[in-house]
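Structures are listed in the sections that come next.
What follows is a pair of complexes built around subunit A, which joins subunit B in one and subunit C in the other.
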Partner chain A sequence: MIRRKPKKLIKKLKELNDQQHSEPSLELSLYEQVVNELEGCSDREDIHFPELQVNLIYFNHLVDKDRFQSEILDPFYHVTKEELSSLLKRSFYKPVADLKEVIDGILDGETAIFDKERVFLANVAGGEKRNIQPSETETAITGPHEGFIESGETNLSMIRRRVRTSRLKVNKLPVGEVTKTNAFLLYVKGIANDELVTELTHRIEKIEIDAVYDAHMLSQLIEDQPHSLFPQFITRERPDSIAAGLVEGKIIIILEGSPAIIIAPSSFFDFFETGDDYYQRWLTGTATRLLRFGAFIITIAFTALYVSVTTFHYEMIPESLLTTLAVSRSKVPFNPIYEAFLMEMTIEFLREAGARLPTKVGQTIGIVGGIVIGQAAVQAGITSNVLIIVVAISAIASFVVPSYVMSASIRLGRFGLILLAGLLGNLGIMIGITILVIHLSSLTSVGAPYMSPLSPFFPKDWKDFLLRAPYKMMKTRPTMARSSNKSKQRND
Partner chain B sequence: MRNLKRLVIVFSLVFLLVGCNDQKIIETLGLMSVMCFDKATDSVEGNMLVTSTFPSITEESNRKETTIDTIAFSKKDAERKLAAKTEQEIVNGQIRSLIFSEDFAADGINQIIHSVERDQEIGSQVKVVISEGEASAILEAIPTESTGNYVDKMLRKESDQFNIPYLDIHYFSRDMHDDGIEPVAPLVGIEDGEVVVKGAALFRDDRYVGKLTIQESKLLLLMRGKVKKSDLVIKIPQETGYRTLYFTYNHSKAETKVKKKGTEIEQVDIHVSMVGSLLEDTGTKMNGNSSTDNNEVQKLIDGYLSNEAVRLIEILKEKKADSLGIKGYVRNSLTYQEWKKIKEEDLFQKIPINVTFSVILQNKGMLE
Partner chain C sequence: MSEKIAPFHLAILIYMIQSGVTLYKLPRMLAVNFGTNGWIMVLIVSFIVIINILLISLVIRFRIGENVFEIMEGLISVKVMLPFYMLLAVTWSLLAILVSKDFILITQVLSLQNTNSSMLIVILMVLTFYLGMKDVYTISKATNIFFILTIWMTLLMIYHIPHTSFLRLTPFIFKEGKNAVEGIIQVYTGFLGFELVLFLFPYVDQSKPKWFHSVYYGHLITTIVYASTCFMSYLYFSLDQLKITSYPVLNLIAYVEIELIERIESFVFNLFLMKILVTLVLYIWASCLLLERAIPKLSRKQSLVILIVTGMLLSLKVNVMADVGNWLLIVGFVAAGLAVGLPIILLIVIGIRTYRGDHRA
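For the complex of A and B:
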């Protein structure tokens, strides 16, 4: 978790920043001030045109080299001293007077042009970026395949191409005292709730932190309850999901440098939805969704149930199954709870190792893990066959949850439940689930209830909850978006 | 932050409860599936001989069944003594059958039924079973390695075919305490070294008083209420040998009416209506043309059942076992004061009972 810096320190930092900008004496020209400011930045480029008495300052790797050549260098090479002032009158050259503005412009990839006392910024920003590719964390089977990349502008363009309305508004909000990362807040005017827009803008502006690198980090900084186990904003990496969010009246936050994009407000159940649900037939979509909720219940409670049943509640199981369980556990020297923890930990080790390793080594880990877990542990009498099956099913089920962040939260919650089951049996599981339900129901996402539409009960929203109703039936926007324009289809 | 603190507090409160658990880890348990009660005479240690069987798992993960017995004063006393004889922790949560010998049950089984009903680990799947002869002999006669399961499945099958009365101990206990009806239980016995379901055991309160054959037991069930699917083999004497009819009925219900003159009970009528098919008839030649006359067969079955019913009621009256719940019907037709006045020991024997049948033959199998 990232700690916010104490306010005092941040104030000092700010003052220091301001001082750097304003302190230089009045005798120095703006050009000299900029040069001073960028002292020690050896990647800075400085070009002089002695006959024109013009200087250019820019970062070579932040500008689009072709455009820089054709739109800035070429004109200055060919222009005469007399023509210079008319050239600089073009709107392409934006006059600025403030040192801070000039520095910010240069850092954004613009070129600063110093003509005697006048300063202009010319935007030829560019530089290297990743190509648009399918998202790896949010793959699609049906539906569009392109995913967001780390460039905010590209991401914006993908969204604008899908939501082609002038009512799509974009607020640009810089975050991070040092990094000055741009966050873009998007909403469709007339559909999104204005109060939510104001609230989110306010929250982003209020962030006082040195740096924000990723949307997941940003979402933790603007969450309602940062200490909760569960993420309160969903992030998506596919433009179609984001467009759907915008049209539903939700607010989108893009962070420069992050391929994940925040949708606010989000409910707990949003984390179980994917684009595929909407592109498939509604019955198949519904079935898949039910499957995911089933997986959620299994992943959180199945191992705990095994522990509780084998430790306390033998009378719950049919006799024939009981014999199987007893036989498989007969050689195991540990209590069921230790046994379960051991295997769950092993699976977590495997998952974590597999996630970090390069693919080729990852395969080795898979094989080693498969043998260790699948056979050796049982043959050595460390664990029982049935537990292996239980743990494997829970692990598979945890990956059925589409959101990786949510899946990780659920897996952690599972450990708590296993502990309670080992201590108190089914009573423990009940206590655990009760705490979980109380906690989940108390969460909010920008003020909207996290468990909606289940609690509070919004019957209209149930058409897009456990089931994905046919499109003809889904006529209203979700209640949690608090949209001023509730209907999204003509009522025939 | 306050929420988090609260959560941590609640979560840690749970740890205060940890001492209150009673772990029962399955592989350490001796899961009793059946308990047999025999009478123990001339013993100072108790008045009942309790035999139980439970699986134990060997080092090689094989399942093996152990049978042990002990003499005790009560069921719980017996469990304790049985536990002392093995390394396993004896538990009764998987118990399916309580088998009582006739001798033992004749003295009353109230005490044991109570003990079972009180136990929070025992559910409703427990059956009260009476055995002809020694109860522990039943266990020895069963060929498989999982004795309890065998008895359970055998009785469940018979009960599903409406050959023997209900199995649920709660029903038994309810009927035992009800002053309008007496309980019944399945009866098993050993024939040629094999365990056989013999019929029904009759009770007066908690005492075993007599038994019925399977055929009689079926009739008893027919007269008691709804029967979903069962069959009857009906033997009618002819000049030479018997005419045998095989009648399967898939629907049967009984209606009981109390006829009164003022407050005087005149007669109790039981009317049983059955719908079914005739699948075998040795009295006709099986060629498609000469069809059996439906009415004739219906009358035959009717007459046979009525005769049998009279005989059954005689048996019940002789044993003073009101397994049909006649007293209950009488009670329900009266006010409580009236009922208190006429309620006496031999009420059941005094009331005339008239049973009528209406049999409807739906078809004669695939013949026509």
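For the complex of A and C:
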């Protein structure tokens, strides 16, 4: 369980921890101290070379076994006692004197080499990791298919291969008092805003928590308003999207162990963009983007509008549709708001069950759900046909929003709107939308306005907002990145 | 980070404060008070408002001090100004509450007739409190989105073009009118809101020398929306129809029918909630500034609650449409007087202080 500790306590623990590491007992050698520290870790490997008087300590599953064999074991088997000093002079062996450094090195997958009183760390870190595969949550039809994995270094390499400039800087920042997970903060010097880099670095350093397991968790710890319903940083799982973010002047945060990578600052509208928009023809890209915004409006307001119209505003329904609706509603014993809540909840149950179950069983849920919702509920007179259509369209529309995190937030917001519509009709919907607009307008992402470029109005950024303008027109970086180098294309 | 309101956003803010439910009654007001071709009066009154804005621009240009308070208090001590600040704060918050009551009562003409209007007003006040708690830059950002969500309504007029006739305008100007003076005041109150720029200017990005033009542009948008709607109403309805219809613009919208939705007005009118909210919040925000100047110990939360509750208590008995109309006329008249008087008083103060040798900001 993760729980926040009082700051003072954490500070004290940290001091004690540091003391334990940096002030070793005078009687014990560094080797003995390391052994003591790792006592009870049965997965630890300890190799002794008696003729050389050398000990090696490492974790077998954290090192690259081939490299360990060829670069560490083989030389030590073949070297004589006289040659040992010259061997250890190689830059591959990094001399260390601090217990904490040795322990951190071993936990990072390095091998600690103890030669009498001297200690060296040799980096042969490796271990098992997932192969690079297409991302499941951010699929691509056109464009590159490879997605990030849980290894921070592999993710870094994928980005470096795409952004080949020495100006791509990487700050390594450990997060989590217990887990000491590495976070990497990436930016392109000269393009990214230095103040934003400093601010984000400061926010990450300020985190005082036992563990951080995922980038989504990290983003909630560094957001401007963590209590908001809406995510303030977008995460991507594809290296091309991250490279685009870097070139736009944004800052990237990679967390070891997470395939999702944070882009900061992010605007609300970034959550409706995908890499495909940029690889397709600009007109197709624009049309798809508009479709997504349409889906956003439908998913948030369509069911609420049904409830409002059937509860308070029957006059809004055209005569031709009125009979159909009246017949459909006549058998239903519930008020539209209960009916809508019932169906929306059922859809949510199905979605959640489908997401958690294995694929083969998941199909059964689809069939059961389809029959229950599609036919039985209507035949039993629990709900109307029209509501089934409305709820289904809303559900489909919610999945059109590319970001799953944003889609979940929108779906939750929809329930609030349905409730207001059931209580106050169209006025209720307007009240809900007004609250939503006020809330979204007050949000910021590392100080940058969340609703940019709509509000504040940045006309230059509209070329990559509702529209995906032709590349020749997109000459400037987004205003919210506050880049000192605003132009990204030659002006001719 | 304290961001400043860009001139472009100031224009939108001014328009959104100015325009409100008055639009729905304006053609009737014009028909009753000015008679034939009363829509022309919108342009004339708009011109008078421009002169009023000009006075405000002079105050800002020649100001001595960072804000209105510093201008005033350079000559008159805070203790003397205290009752004036309080009075101004109460007047504006009362005006805001009356505008909200007017909106709720019109809403109940269309729907929610069985709902207690006080409950709806309380909900509106909660919204006012929610937005009022934000800083003015955030209010401006929300206003931009409200503007985008509402401005398209003006385009609904295109639907009426085939059904209009120039014959309905008649060749007479201002015939059959009842009370031109009252009419001018009523139309003038419809334009109120621009005077708040006196309190807004310290929060505006003044890096561009011509930033104040945005106030004129904001007023221009209001004039275009008001004049075009009234002109369309005169083309669509006859003069007698206009005189007897309570809310001609509502009827105008009700005529619009699209394939999927009928009686679109019950949806469109509710969008005015956003416009009303901006007017409400900005008036209450200015009142908060005044109250907090008078009693510096008050936090924004406290001053908002005090002003909203005071306004609601003062208008407790005003629940019927006719009463709200009468009160709005009186309070609106006072507010119009303040809009004209305030810059004049400030200019006099600046004149005296300049004569005494005080330096400009």
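Points to keep in mind about this one:
Just so we're on the same page, the second predicted complex is superposed on the first by the 481 of 492 C-alpha atoms of A that agree within 3 Å, B and C clash if a C-alpha of one lies under 4 Å from a C-alpha of the other, contacts with A are read in each partner's own complex, and residues count from 1 in each chain.
By definition in this document, contacts are C-beta pairs under 8 Å (C-beta built on N, C-alpha and C of every residue); 3 or more make two chains touch, one makes a residue touch a chain.
Please read all numbers here as calculations on a predicted model, not as lab measurements.
Contacts of A:N335 after superposition on the shared chain: subunit B is touched, whereas subunit C is not. Of the two partner chains placed by the overlay, neither subunit B nor subunit C lies in contact with A:L357. When the two structures are aligned on the shared chain, A:L454 is found in touch with subunit C, with no touch to subunit B.
When the two complexes are overlaid on their common chain A, residue A:V327 makes contact with subunit B while staying clear of subunit C.
Once the two complexes are laid over each other on the shared chain, residue contacts for A:L466 go to neither subunit B nor subunit C.
Looking at the shared chain after the overlay, A:S442 reaches both subunit B and subunit C. Judged by the touch definition given at the top, the superposed model places A:L221 against neither subunit B nor subunit C. Of the two partner chains placed by superposition, only subunit C is touched by A:M430; subunit B is not. In the superposition on chain A, A:V400 makes contact with neither subunit B nor subunit C.
Shared contact residues of subunit A with subunit B and subunit C: 312-313, 315, 319, 424-425, 431, 435, 442. On the side of subunit C, the complex with subunit A involves touching residues 1, 3, 6, 8-9, 107, 111-112, 115, 120, 123, 127, 130-131, 134, 138, 140-142, 144-146, 148-149, 257, 259-264, 266-267, 270-271, 273-274, 277.
Across the interface of their complex, subunit C is touched by residues 312-313, 315-319, 424-427, 429-431, 433-435, 437-438, 440-442, 447, 449, 451, 454-457 of subunit A. Chain contact summary for the complex, subunit A toward subunit B: residues 225, 227, 309-315, 319-320, 322-323, 325-332, 335-336, 416, 420, 423-425, 428, 431, 435, 439, 442. Residues of subunit B touching subunit A in their complex: 1, 3-4, 7, 10-11, 14-15, 17-18, 20-27, 29, 31, 33, 55, 57, 59, 61-63, 91, 93-94, 96, 121-123, 146, 148-149, 152.
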